[in-house]
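Some notes on the structure that comes next.
By written order: A, B, C and D. Residues from 1 in each chain.
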Amino acid sequence: MRKSVPLLGAFLLAGAAAALECAEAARSRTKEATDQTQLDDLVVANRILSDQGVVDGFGHVSARHEADATRFLLARSMAPGLVTADDIMEFDLDGSALDPRGRTLYVERFIHSEIYKAHPEIKAIVHSHSPSIIPFGTTSVPLRPIYHMSSFLGAGVPIFEIREAGSLATDMLIRDPELGAALARRLGKSAVVLMRGHGDVVVGESIKQVVFRAIYTEINAKLQAEALRLGEGDFDQQCGPRPPLGSVEAAGARTTLSNSRRRNVSTTAVKWPAAPRSSPSSQF
Amino acid sequence: MRKSVPLLGAFLLAGAAAALECAEAARSRTKEATDQTQLDDLVVANRILSDQGVVDGFGHVSARHEADATRFLLARSMAPGLVTADDIMEFDLDGSALDPRGRTLYVERFIHSEIYKAHPEIKAIVHSHSPSIIPFGTTSVPLRPIYHMSSFLGAGVPIFEIREAGSLATDMLIRDPELGAALARRLGKSAVVLMRGHGDVVVGESIKQVVFRAIYTEINAKLQAEALRLGEGDFDQQCGPRPPLGSVEAAGARTTLSNSRRRNVSTTAVKWPAAPRSSPSSQF
Amino acid sequence: MRKSVPLLGAFLLAGAAAALECAEAARSRTKEATDQTQLDDLVVANRILSDQGVVDGFGHVSARHEADATRFLLARSMAPGLVTADDIMEFDLDGSALDPRGRTLYVERFIHSEIYKAHPEIKAIVHSHSPSIIPFGTTSVPLRPIYHMSSFLGAGVPIFEIREAGSLATDMLIRDPELGAALARRLGKSAVVLMRGHGDVVVGESIKQVVFRAIYTEINAKLQAEALRLGEGDFDQQCGPRPPLGSVEAAGARTTLSNSRRRNVSTTAVKWPAAPRSSPSSQF
Amino acid sequence: MRKSVPLLGAFLLAGAAAALECAEAARSRTKEATDQTQLDDLVVANRILSDQGVVDGFGHVSARHEADATRFLLARSMAPGLVTADDIMEFDLDGSALDPRGRTLYVERFIHSEIYKAHPEIKAIVHSHSPSIIPFGTTSVPLRPIYHMSSFLGAGVPIFEIREAGSLATDMLIRDPELGAALARRLGKSAVVLMRGHGDVVVGESIKQVVFRAIYTEINAKLQAEALRLGEGDFDQQCGPRPPLGSVEAAGARTTLSNSRRRNVSTTAVKWPAAPRSSPSSQF
């Protein structure tokens, strides 16, 4: 993340050069400070998603670079629950690491690069095998918002079918830009897209929003499955005797959540602790 | 919570004034000590409800002020699991903070203010998105006590329909006194009211009772759903071959729980530890 | 637990008396050491059952006194997860505390006294609201062993119906010796008896065995419910295409478990750690 | 694990003998270092499987000895969550301990010895009562991969019927080489074999792979049961509207996982911490 201070040329006097260098360094420090906040948020996002069971040893979360919309931040290939700031790398929108350092990369980084390329308004992305959503990706039962906390599902949750985008003989992974682009198209304007036999992708306008959405997508899937088993709900009707959430209600709740996010999601939505600067000690 | 010592006027001698001030301060300290106990109980209630999964980053618990029935205590807008005594504020029965200090308030504080206004016997209230009750709020399957621990559900569990109280275009939140009053009416004499597509409200005669009830409402919903799936229980009959709890039995168990609460709920119902005086350190 | 050293009479010389007292004290210490092991095991049993979710703030576990079959050990009324050796009391088979010290007692101690009275071979008893067994107590679906770990269920699991033993207007609690005696009769030679709308009782020949059984009764109920939902198992047939456990197999596995218990249950069945000598610090 | 340095005979000069001894010791140290890595991995495997709920107080994991394919490593009879390097023992392919030291052995060590004997390519084995797979072992519903993480199930999951291999009157345990050999035959080329009324066996080409597979077998069973309850998936069709994973896809994903395992499973699959060298302190 460190940017080198640009060379200032030999025609400047040493004193003036020093002053300018100081100013540059200050600007650079400011920029770095901003970067550091985003880095820290991304580290914490990894930890929270792991803590909440949205990701296990697999899955990843990225953020579009705040200072450069053509880049995004993503950890090197590792378990999200162990990510520290040193593990975060920068990628361009082709999914290439700017400074690879020989590190192993997530095979599926094209999920991120192609969605950022296709959807300028999206600033953060989670890909996971969120357990409760897996059954919805392999059946014909649509995922619908059961309460206001998951009203962002009200715009519909498409299912990505890799056999339509690729061939009948994939290994299910989004391992090239073409598959990533097909996934980005299937996502459309939704907040979530399910991937058959694989997992899902959740998108948002900020790291905190996408963490919030990934957590409540998991909870919604779990609770909707419970409600369907009770046997008398109707998740497709908007005006039956007991719909979980009407479409107008979902839109209203979505707007409220969205505004709320901007104000105080850091205190009310989830605990957003300080980012760890070093790896946690072994749990065993 | 601190009450200022009243001015005593200039006509008193300094010595007498000092003595009187001491007496006032002692009385005030006694009152503050009482307040402090209630404050601590409310802090612990927040922590226990978070620990037990009744609330997550959202949800709130309040108590009617012990010394003034026209006021109630509620945290500023924040995650319950992080609440400390400093975060607790006083509100009047219109839902206005007595000393707002520019803090963000729970939008839905009118749940509390209107229920306290309508039901003088209620001393404590929990509002949550308690996971297992959500499916019962969106189907026609009534929540019924499956065992004596949740016998307080025996008086019936109404469902609040916000479309009847408000409009078809709410954001599902109880964001004004009118919606709060409608919810208080729907609650009636029950211990719990479900809110379609949203959550529930649990009420009690003390902080400890409402915590107990909120926990066992969650457990009951989970176990009743399990029993319904086994397929041979009959939760509507009182005298079938295997009813979970007859209505007379529920009433008996309710009385027992209620008496038990007054005696030793602090040791037998739930662990009621000392209240934290400062925020917990990060879990990551 | 402390036994006073018996008076030896004035006709003995002081020196001889002292020697005898020493011998008595030594015997007493030996006996106390034995007692202490049983006490510690009972404390650990409380903690393990709490840790494993068999009991929450309610429920209790007792042991017949090793040195006196007409007495049993049980904690004062409190949450099992907080029990220490100081909380354990001695009771006779009428359910009376030998040294009450004004402590609050479990209302349902007659579960223990009457079962110990009726069944001399039983040495330890757990009463709980073990969550997964609650639905089996309120439906007509019989609890059956799904695997060898719960083969002790193979002798059948009766359901206790308090309306037959008492009246239609109980509070569901076993609050007197008559109800306790009826429950002991219903238990018969089984290892477990379910109580409609309440919980269950698990019995064993040692503290470690009853803890083992209580844990695997809970697990069995959970897994059997899962298997029934898959829809093709047959828990009543012994020789269908896929019975969970045949009756001869259950008997064989039961014998193995029983022998295994005597050998090394402390290392293989559950972790059996050192008993806490003081209360744990607050978890908040 | 320590190998004694071979005697070198009296005809060598002391100096030469010393030099040779040094060389021997160095070779031995190298070998021991290798052994130590495998030992540590096996200890960690025990802890992870316990932490992830695949094993509880019962269950075991073994590894074929890296330096001698006719031996395997397995703990003495104890709870996996407590295993340290000192508890690991060496066994031959008849299931006999090379250095028994009077320790209690797992009755079912013949699961390991016979599978290693029959299947040279298998390097590591887990036997457990993994909770979510138990219902699949007692019904006719086949376990199938629901997503790419469990694609190793795509080769089919046979069920071992002990009544066919032994008699109608077993205690369900694999307590002799004959039952072990029958189980090894039933396993065939699959990664997992279910055991009716008992548990399962998972095999792999390395300790890390078998841990990975055991964890995702448990998760797959849980999620497949959820999907079946949603009611519209078709786990037997390969080309229906929404199959969880086609057979070609499963093969592709299996290959990817297998390659991935060789590269970086230690960082992306599960947390693989340093092995504990001493027992953990009590959790109570």
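Annotations
Simple rule for what comes next: a contact is a pair of C-beta atoms (placed from the backbone, for glycine too) under 8 Å apart; a residue touches a chain by one contact, two chains touch by 3 or more.
Remember, predicted model here, so these are calculated numbers, not experimental data.
Between chain B and chain C, two chains of identical sequence, the interface residue sets overlap only in part, with shared numbers making up under half of the total. Overlaying chain A on chain D by C-alpha atoms takes a rotation of 90 degrees, rounded in steps of 5. Taking the CA centroid of chain C as reference, the farthest chain centroid is that of A. Mean C-alpha position of chain B lies 35 Å from that of chain C.
Per-chain CA centroids place chain A at a distance of 50 Å from chain C.
Contacts with at least two other chains are made by residues 229 of chain C. Chain-to-chain contact here is organised cyclically: the chains close a single ring, every chain touching exactly two others. The complete set of chain-chain contacts reads A-B, A-D, B-C, C-D. On chain B, the positions that touch chain C within their shared complex are 44, 47-48, 51, 145-149, 151, 219, 222-223, 226-227, 229-233, 241-246, 248-249, 252-253, 255-256, 263-264, 267-271, 273-276, 280.
Interface residues of chain B facing chain A in the complex, by the touch rule stated above, are 56-58, 77-79, 81-82, 104, 129, 131-132, 134-141, 159, 162-163, 168-173, 196-199, 225, 228-229, 282-284.
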